[in-house]
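Right, one structure below, let's go through it.
Read from first to last, the chains carry the letters A, B and C; within each, the first residue is number 1.
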Amino acid sequence: MSVSAVIERGTAASRAAGIGIAAIVVLLAVAPQFLSAGMVDRMTALFIYVILAAMWNALAGFGGLVSVGQQLFFGLGAYFAIRLANAGLNPFVSLFVSAIVVGAVSWPISLFMLRLKNGEFAIGMWVIAALTHLLVNLDRLIQGETGTSLISLNVYDASTRRLTIYWLALASMTALLAILFGLLRGSTGAAIRAIRDNEDAAASVGVRVTGTKRLLFVLAAFGIGVAGALWLATAITFQPKTYFNVQWTAYMIFMVLVGGIGTFEGAILGALLFFLIETWFGGTGVWYLIGLGATALVFSLFLPRGLWGTLEERFGWRLLSVGYRVRLPADEATGGAALPANTTTHREKA
Amino acid sequence: MSNQIIQGILLGGYYALIACGLSFMFSVMRIINLAHGSLAVLSAFALWFLASRFHISPFLGLAIVLPLMAVIGWALQRFLLERSARGGALLPILTTFGLAIVIDNVLFEQFGADTRSLAPFIGSLSYDSWEWPGSIFVGKLAVIIFVTAVILLGGLQLFLTRTGLGRSIRATSEDPDTAGLVGVDSRRAMAIAAAIAMVTVGLAGAFLGMRATFDPYAGATQLLFAFEAAVIGGAGSLWGTLVGGIVLALAQTLGAKIHPQGFLIGGHLAFLIVLFVRLYTSGLGLRGLLRLSAGKAS
Amino acid sequence: MSLLSIEDLVIRHGLLQAVRGVSFGVERGETLALVGANGAGKTTLLRAIAGAHQAAAGRVLFDGTDLSGVPSHERVRRGIALVPEGRRLFVQMTVEENLLLGRTAGRPGDWSVDRVLDTFPNLKPRRHAKAGHLSGGEQQATAIGRALMSNPDLLLLDEVSLGLSPLVVDRVYASLQGLMNSGTTIILVEQDLNRALSVSSKVMCMLEGRIALAGDSSSVSRDEVTKAYFGLHRKNAGGMPA
């Protein structure tokens, strides 16, 4: 077939989206001026949710690694921050040093865990999280399940603390999303998409499957470590049970599954939806949790591509273009049955 | 010390019981059911409900709960797993995880946060023991659980090797497409396998309730135990599960001896060590670690 | 009425059309040899009859009933058995267990494990051996035996001689001869043209998913088949009438 295909990086819409995003970030940065203290805290929580969703999506949606033990890194992010602050480091600085430590710790874990497949990896991560939780409990500083607090943060007054954490969360979210976006758009992105589409085929054409997965694993650990440390900063208290709770992974799965697994925008959309649902229904307690579980269940069965993935597929939407897309100029009707299938094949979904 | 070893071995029977359903389902459907532990707890709650509300002894209650669990297993496969497995290997993990969250929280909604136990409903069995030579006391219940596990594993083994249905299930587990071409209804075989697995889960839940306490969120721990015992037992036969259960229980016993909070840590560490050794000595890294019974591999 | 009628059958593998509108019929007791180059669509056609591939268009009628949407295990129950390419035995199970699986469909008939072992005497000492430990010839015999255990009305044989030494192939075909004489309807895919023509009553040559030649094995010359095989001959390209 000798049609000349047009290869694009991004669409006009995606360029507009780029400008829009910059504007949104600036708006969010100045927003605390106009928001109540409670709203600032809620927005901080939203940023943390976006980080969690994006990082779990990086691992599962792009790396094909579904983990139900990501609370490991969330808890460790908080724990190391406590430890570092206790050793005399500035509490705000310790939040980020802690995440770096988490990233460093995740590397040896990846050597081991990435040899497991699918369900074995998923639940193996859970075992590691459970074990780490128990070991953290043994730390005298933590006092078992009683927990402790990030006391040194109390030297700052409440509003300074609130604003600083807000900006740190916003900056972390923006930076992590930018890193992920950069990864997906760069040469690693091609490898990631190849792995996502067909791991064996990717390996056979020379894609470094394990190396790429390890990169995503460490990035996700680091990002979730940041999120855990930031959560600690907002909550001050550290109870191991709260941070090493599988609920955190449940939230991540919910956000990504509903938003659209394997789509960059979907994770963000999922986090937003989760934030709204929590705001509206979080007070209903156990029914809220039942609803989350049931929604995840239903999405996995009937809409596994999530909201964004489904919309994108149907309308060819793309705001943030992380790959290339091939547009065949021929009218689909003229190409017979083969053509529409072709365009879907080549249309990258990231 | 020998007393503790015997207690550990007997506890391993319970772990084998809860693990065999997990590895059985994995070997037939290639799915790790993350709702496995929650379903065991569901069974425990069902028995508790029958006992406390209608004064039905938990042993009699099994006559009601086990068939129910079989139906749940069948429905689980037909309506959830079959559909989500078509979407690839990752989706069933998410589906069953969602299911686990639903079950846990529905139980919480129904029964509250209190810890329950079936021990009050089984009379003296919960504390009676036999004295063995060397003044070793073994709990009657622990022995019953162990014997049940051995009988169940043996029965399952016989069923898989000696009956047509068992052969159909093994054929489906090896190659579902070819199984269809020789006349096996592989969808039916999988649904039956899921039903059988859930009966073992129901039994495990009953013993969980009799020998210990449980609450609505106890499923996660049971899932981890089941997974650990199944992986430690690893390749070979269903009897591997029993070995895995015993190793896990002994490691926990040893852990508890070393440190007051070492019980769970000991088990997790044993699991990781076995996993580590297995991964680095046998090159199994790219293949499944859990595998069937009557000798299967792919 | 033909035992099997194929009407305008189209099978797709993704975007590829493996079978592109094929029609033919097979009468009771006939042995149809299906020949053609690799990728001509022979295996796909057999697998579609057995229910392993769904038709994109057209129908498969067996004993007068449309098989559309009928799953493979149900087709076995109705009397179609496939000996798949590469044998596809259950390697973790013994020879006897593999054979017994063939009985799952529960069709009445004369075939039993003992009769299969009598038909393929080389299997006798291997009865309790794991199928994964068998030689190529033993595996093929087991695969054929497994199909026979369902007492089929129609037996589909996909390249039963593949990977076997000529001597073993002779033995396998000698055993099959008995079946053919007993009136079992057979469709076989065979690369060896001479053998295909000598054992069959009808021959059909496929080329790029279509029937390039069809006729009585006794009246078609080897030369004609060879031409059809390479696409040099397009007689009766629409297929023989069903």
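Annotations for the structure displayed:
Note that in this section a residue touches a chain if its C-beta (ideal position, glycine included) is under 8 Å from a C-beta of that chain, and two chains touch if they have at least 3 such contacts.
No experiment lies behind these values; they were computed from the predicted model shown.
Chain pair with the larger contact count among A-B and B-C is A-B, by C-beta pairs in contact. With centres defined by CA atoms alone, the chain at the far end from chain C is A.
Geometrically, the chain at the heart of the complex, using CA-atom means, is B.
The geometric centre of chain A is 52 Å away from that of chain C, both derived from CA atoms. Centre-to-centre separation of chain A and chain B, using mean CA positions: 33 Å.
One simple way to say how far apart two chains are is to compare their mean CA positions; for chain B and chain C this gives 43 Å. In the complex of the two chains, the chain B residues touching chain A come out as 26, 31-32, 34, 80, 83-84, 87, 89-95, 97-102, 104-106, 108-109, 220, 223-224, 227-228, 231, 259, 261, 264-265, 268-269, 271-272, 275-276, 279, 285-290. Touching chain B in their complex are the following residues of chain A: 60, 64, 66, 68, 112, 115-120, 122-124, 126-128, 130-131, 134-135, 137-138, 144, 246, 250, 253, 257, 286-287, 289-290, 292-298, 300-301, 304. Interface of chain B with chain C (complex): residues 161, 164, 167-168, 170-171, 174-175, 177-186, 294-297. Put simply, chain C touches chain B in their complex at residues 50-52, 71-74, 76-77, 81-82, 84, 88, 90-93, 97, 100-105, 146-147, 150.
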